[in-house]
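Multiple structures follow.
In the two assemblies presented below, chain A is common to both, partnered first by chain B and then by chain C.
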Partner chain A sequence: MKEYKLIFTGRMGAGKTTAIAAISEIPPVQTDVTNNDRPAHAKATTTVALDYGEVTLPHGDKLRLYGTPGQSRFDFMWKILSEGALGVIVLIDNSAPDPLADMREYLDAFRDIVSSSRAIVGVGRCDTHPVPGIDSFCEAAKEMALSVPVMSVDVRRREDVLLMLEVLFHQIEAAEADEALS
Partner chain B sequence: MSAMLSTRRVAVSGARLRSELLFRSMLRVSNTRTQDTWTFCDASNEADVVLCGNGTPNEAVPRKSGAKQILVDLSDLDTRVSGEKLRLNEPIRITDVIALLDAASSRLAQRARPQAEPQPARAENGSFAFALALRDLFANGSPDVHGIEANDQVLYVIPASRSFFTTESADDEETVSRLLLSAQAAKTAQLKRHQIRELEQSGALPKPINALLWRAGHEGSQGRLLPGLGESDRFHLKRWPDFGKLSHTPGELRLTPYLVRAPRTLDELETIGKISRAEVCAYINACALLDLIEVKAPVSQVGSVIAKTEPVVVKEKRKVFSGVLGSIRAILGI
Partner chain C sequence: MNTIADKDYAAEAAVCQRHVDSLVATHTGIRGAVIATTDGFEIAAHVDSSVSVAKLAAMVSSLSALSEAVSRESKIGSSRDLMIDAESGRLLLVDASTGARKRVLAVLCDNRETLGQALWAVRSCREAILRELEGH
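What follows is the complex of A and B.
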């Protein structure tokens, strides 16, 4: 049996748990507890360890979906999770105080995966908070010498989560095809 | 906007620098009060009106093709239009300049009508003309409000902020559809201050233009590339379009990562995306309207050979990756 890891990362409230729930075939295993940081985030609960979901593939293979804890005090876990991961989906809440800084932090944390074209950035709440625009996110990534697709999403819609996966997969295939040519 | 404004150009040929500067200054002052919008251009063969310097023979002035042009002789300060004269007396006052330009506007409009002959089929394509009009407007990044009119519909755009609006009563989708379906070429013009005030009072709110440009690029292409994009050029995508907001096809999703990674020819894109040449052109045009495309020099035959071998290599590599991605797609219904 083969296992593949797909990572959902981003700050508290960015929608990691919701995105995993949209595609997992099992009810996501959540480890939410009462959020003690209510002044900064309105969520009543938050993930302190991992969110987990899975998708069974042919021959018993598994696609394991991991949602990293939002708080940076758990960042030791990010590196462990990223080893051998198929890809990473960075979720950004555009209503957060500094969404560009959030993206930079996660792109930097998962730089190896991002550099090998196995990442995508999904920006949420763009309708109510259109600034910064998608162009600004792309520019910020470019300043970090990274090229990554950035798109506005609403993770409550399953089709948006699937679109992120589709873009991620096409990227992986293109990168592998180019590698094979070189 | 009941009567559509035109943007017209005025040039100076053979005049003293002082006269040219004087007229440029007056043009700047008069421009909010003239019937049309006037801009200064350096090439007299592109101008609607040419101010000819003292003693400059008319035949020495490079003429605009199609002859829709008025020469103003600064030596006797009158205009020569089909034998009629519009006199300007010294010292020239701003009201005289406005009168001169408005008279020229009327003459140009009158002259344009009899010349409205059937256009060649390609030029008649209103949707392509609409895409072109948008491209030209957004290329200059003007902070002014411009109106695009065709088929009794007007769309207002602000290139600098990449936004657009329609009048409060108009439905955006309907307006754009009618503009795209128009059999006439779209007319564009910069709005006057009082027209902008009227629009503001009507409660019209600017909206992001990207989805509209995207649609114009797709629907206005008609199987060909916009001017400035060559069939033999290679195209490079600066970044991914925001597919979360912009409609797209599976083929466009397939070819986008390749376009982002390296410049590609139309032939390569057809092969990679498994889509027709017309669909590739539509996608490239749409990306170009969003300023996402970089055009690179055409490739040599060697480059084409590499492109033709690519699908074989992709297939080989997919033994490792495509299997699992295909399985995930199948399970999730992507």
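What follows is the complex of A and C.
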């Protein structure tokens, strides 16, 4: 049995806490507190340290899921949480002012994991905010010389989040096969 | 910018600043203090320029939330104080909330201050702040 550590990151309100709560088999550990920065997001609470949840895969391997705070004033937590992580899930809120810039920021912050092809981008609220489209995200990632799958996701739906993890795992397996060859 | 701006904030910040200044002024072993919102914004601070207040405020809020989560997980109730005992000093974190307004007071001491003295000073400072802010 193996254990893998995965990171959920993305801007404030992208849905990191929601995504982990949607799939965790244990009551997730949350560190949400009152949000005083209402101009940045109207949400009542925000994560200031981490989220933690667990998922067991069908063959018995265990996923340890860590959510980061979204705001860059907590970037020290991004570094701490990335230690030993196998992969990273970058969540995007497509209703935010500049979702493509958000993607660039978080792909860049987690570049060490992302550049070894262990990342996926999940774009949320595409139903109400279809622009920019998935293609634009792929294009923007390509411009950063990164190969990252991008898919639309509703973080509130368990099946959506699990599907995203499955795609990430295929991506990681492919990356490992490539590394073994070279 | 790691600050928040609303009407009540200026009055609250002024009260906090006065208490933090006096705490540092009256204790030679207390090097500095920061009062932050629980989501990591500075309200008041008195630290020397080698310390980044913005960063300390964010870190203090993470620590205090983690301490709360660990206490909850261990079934020991709500967390109160947190102490980091380091090589050449200590960092004490205490809750300084009034009603819905959640704050953390963080105090940096060096080894001239014993733990007992530091705790006493920090708690007195907290009580003084709460008395004044609750009176508002």
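Rule of thumb we're sticking to: the second predicted complex is superposed on the first by the 171 of 182 C-alpha atoms of A that agree within 3 Å, B and C clash if a C-alpha of one lies under 4 Å from a C-alpha of the other, contacts with A are read in each partner's own complex, and residues count from 1 in each chain.
Here is the rule we go by: a residue touches a chain if its C-beta (ideal position, glycine included) is under 8 Å from a C-beta of that chain, and two chains touch if they have at least 3 such contacts.
Since we're looking at a predicted model, the values are computed, not measured.
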Practice task
Identify the partner contact of A:151: answer first if only chain B is touched, second if only chain C is, both if each is, neither if none is.
Solution key: first
Exercise for the section: For A:69, decide between first (touching chain B), second (touching chain C), both and neither. Expected result: second
Practice task
Please work out whether A:138 is in contact with chain B alone, chain C alone, both, or neither, and reply first, second, both or neither.
Solution key: first
Practice task
Report for A:77: first if it touches chain B alone, second if chain C alone, otherwise both or neither.
Solution key: second
Handout entry: Partner touching more residues of chain A, whether chain B or chain C
Key = B
Practice task
Tell me which partner A:50 touches in the superposition: chain B (first), chain C (second), both or neither.
Solution key: second
Problem - Touching residues on chain B, where the partner in the complex is chain A - result: 208, 239-240, 242-245, 253-254, 256-258, 260-262, 306, 310, 313-314, 316-318, 320-322, 324-325, 327-329, 331-334
Practice task
Spell out the residues on chain A that touch chain B in their complex, using ranges where they run on.
Solution key: 2, 4, 23, 55-58, 61, 63, 86, 117, 122-123, 126, 130, 134, 138, 142, 147, 149-153, 160, 162-163, 165-167, 169-181
Completion exercise
chain C partner, complex, touching residues on chain A are 29-37, 46, 48-50, 69, 71, 73-74, 76-77
Completion exercise
chain A partner, complex, touching residues on chain C are 2, 4, 37-41, 54-55, 58-59, 61-63, 65-66, 68-69, 73, 100, 102
